[in-house]
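Multiple structures are listed underneath, in structure tokens.
In the two complexes that follow, chain A is the common piece, with chain B as its partner first and chain C second.
And now, the complex of A and B:
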């Protein structure tokens, strides 16, 4: 089984979000592997361990080499190789352009399964995965909480309102993983050492035209005027006052 | 100029979110609604759009991105539509990007605002708002509760007569895991618990019953999901769900920035915490500093009366 894992590099959750002239100041950002994509790496490695095959990490990013160490950690989990597509002026908020570049690369890889996280924790569009599947002309299943492979057939559980949609599909297929789809292992020291010898290829790719919508202006959400503490003689007194406020001011109950 | 609204049905009714989307779309042009499914014709007619196209077919019993994308694209092309709108539901967030790829249009997911003044969507779990002003054709998914719903009324109805392709996907069933509980992202009230509850048993004893008493969905902080007290489907915040209910109750939740991102769009926020310095109080409209084990049972019994 030939598995391609889509890994997006996203700003660290601790990154300071500061707006300068209507744009997010990205100069101080440090990048990390998108947490949802780690589940995809782990799942891919488990399939390989059970059925044989190859796991290739595929990432699209700028020419910034600072991400390489973090990507190598994915190989310590058990991926066999990494291919990083390097693009001048890469941006994470262009799902259509990025899906075009990634799907072009995947076309040459004869993948049985393409797997990634359900969304990036930067722009939350959940778009690149389904777009890649469409461009490849294959089905996709998004937001999967459990994926099994038996006799060449995948069975996925997909989170929907009030339940789980159980879907069966043969390969090729694209899947995006919900959090906690599987438990990501801590690599042993031996695997970390070995990962340093695994193939790590950087390829330059050209920017592509797309119809992605450009952001005109960013802003911080309006600060909430919170901070009103309900005082009272006793807990009961406070609860009565809260219920009164919910009825008269918030009008929600 | 025509605008397409992809509606969803739940039982005998059109989903509230779909009526909200129909209301948003009515300001953008002539609205054509599409509803796809099996045995959904009667419910689909309630979608508040002037024209409704119904694709009611055995093959559409369960949502399928390949089939649904094809149907939407056929209707877009026949009507020279310039926008496609849908709710940011588990279906909308899955279908929207695929429809955009098929049409070669841009996609904006989970919009908080959509109209002639532009489109606003959250980045970084709502910590940044990104506005765009495109006049190009675009596919949009709209977040629940971002807009009031349109009044239910019926327009002219037509049956879809195009092709439904094969997809390779076979849905065998929908497993009802949360039977009888309310979905977080659709709830008008969310009651969430955090580490202040001290144990998973206390989540079951205090949060779930209060949520049930209020007709609310039960949410959770990341801390207690990571600790295994409740499943991830309850998690509100940066690596969980973003919720925008009319009322959000944060109980024993300190309010880490990742949590605030997922709920600060709520209309009213109530925080109950013993630590008066907890950051949650800075975003709460009403806060109670005190012992939740004393306050929650009181609140529950008074609300039930």
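And now, the complex of A and C:
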């Protein structure tokens, strides 16, 4: 079984968010593997361990090499190789353009299963995965909480409002993983050493035209104003004053 | 709790290899997910769950700088970084690594024979067998040379008598490396759990290292087969070689404890409002934070340099002594300062500082501050001042 895992590099949750002239200042960002994608890597490796085959990490990113160690960690978990598509002016908020580039690369990989996270924690668009499936003309199941493979047939579970949906599908197939789909292992030191010997390829790709929407302006949530302590003779008195304020000042009741 | 931020003011990270960074990050995330949520509980109950040892074994942390019997053969610097991350959580974790790897596996690896290595090392590496190191006695701490534990040789066995004290993991250990005198010479013996005449009651009532198991080892006419002596070492060189390796780990581990206290202090100083502003805006508090950063940075440079010297086999035991003395002393002062910055909150188990502060009192013992001074004094003057 040939499995391609889509791994997006997203700003580290510790990166400081700063807006300059309505745009996010990305200059000081550090990047990490999108947490949802880690579930995909773990699931892919489990399938490989049970059924044999190959797991390839595929990532589209800029020419910044600082992410390489984090991608190598995915190989320590058990992926066999990594391919990084390096693109000038790469942006994480262009799902259509990015899906075009990624699907072009996947076309040549004869993948049975393409698996990634349900969304990137940078822009939360949940779009790239389904778009790739569409471009490749294969079915997709998104937001999967449990995925099993028996006799070449996948059984996926999805949480839907008030219930559980079970979907059966044969390959090729694209799946996006929901949070905590599986517990990501802690690799052993030996696996870290092995990961250094696994193929890690960087390929230059050209930017592509797309009809992705443009961000007009970004802003941070307004700073929280100070709180207020309501004084009063008794609890009843304080509650009365609070209700009064909620009616007249906050105008919420 | 807010996410932990490590300290790297001088960009020392650039000097670590990619593998070293990966190992450090692995242990950091394991500690974050598996240990931090429970450590205060373990500490207050005085327990160290056995599964922790299994998990450490599965990751291959024990004896990871050894290059035999499936050990990973990582650099000493990588080992140091592992110690740093473990002790960031609690000294009990680093101590467990140290006891298993440097004080139990290492003597077997360096001084044991082929059969002993094959019998114990693979299972110890995996955390399936737990070891401990019995050197200190009730009446002999800083002067182990004068130990009272004795072995006599009979036709088919050795018979040991004596008591060891303060032995980490003794009660849960499957085997103990016991140092005792045979015909007046210090030798190493492997005692197995269940050997007749051997018992390991737990010592209770500690105010420090509470999440670590500390035991007494009692040997009463304990008879062991002849193949349980470590054949290839005699004299204090045996235990001292191992202790030096363990102290190397402490050079890094104490940095981890200091980093944790510094991180907690910075966060607290920025959020605690007193006299209408964050306490971090007062010069006296900033002075303390700046001192912490300065000392940690110096300690990191020292640890890094020592690590690389060890990777090249160019370190001396005195170099390790200086590093251990400096970094433990620095960490103890930082922990106390951190408690001060935290005010009354500093004594609560909601914050890690008092736990580290208490732990470091024990960490400072493996060769006390003054004993390390005497070791350096001997190196400087050529005159030994121990007795």
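As a working rule, the second predicted complex is superposed on the first by the 223 of 253 C-alpha atoms of A that agree within 3 Å, B and C clash if a C-alpha of one lies under 4 Å from a C-alpha of the other, contacts with A are read in each partner's own complex, and residues count from 1 in each chain.
In this text, a contact is a pair of C-beta atoms (placed from the backbone, for glycine too) under 8 Å apart; a residue touches a chain by one contact, two chains touch by 3 or more.
These numbers come from a predicted model, not from an experiment.
When the two structures are aligned on the shared chain, A:189 is found in touch with chain C, with no touch to chain B. More residues of chain A lie in contact with B than with the other chain of the pair chain B and chain C. By the touch criterion defined above, A:131 reaches chain B but does not reach chain C. Once the two complexes are overlaid on the shared chain, A:13 sits against chain B and chain C alike.
Contacts of A:142 after superposition: chain B is touched, whereas chain C is not reached. In the superposition on chain A, no contact is made by A:88 with either chain B or chain C.
Contact with chain C, but none with chain B, is seen for A:72 once the two complexes are overlaid on the shared chain. By the touch criterion defined above, A:228 reaches chain B but does not reach chain C. According to the touch criterion, the shared surface of chain A, contacted by chain B in one complex and chain C in the other, consists of residues 13.
Contacts from chain C toward chain A in the complex involve residues 3, 5, 18-19, 21-23, 25-26, 29-30, 55, 58-61, 64, 72-74. Against chain C, the residues of chain A that register as touching in their complex are 13-14, 68-69, 72-73, 76, 186-190, 192-193, 195-196. Of all residues in chain B, only 10, 62-63, 65-66, 69, 89-91, 93-94, 96-98, 100-102, 104-110, 118-119, 122-134, 136-138, 167-179, 181, 183, 185-186, 188-189, 214, 231-233, 235, 238-240, 242, 246-247, 258, 264-265, 267-270, 276, 281-291, 294-295, 298-299, 302-303 touch chain A in the complex they form.
Taken together, the chain A residues at the contact with chain B in this complex read 11, 13, 17, 19, 24, 35-36, 93, 95-96, 99, 121-131, 133-135, 138-143, 145, 157-170, 173, 178-180, 210-221, 224-230, 235-236, 238-240, 242-243, 245-246, 250, 252-253.
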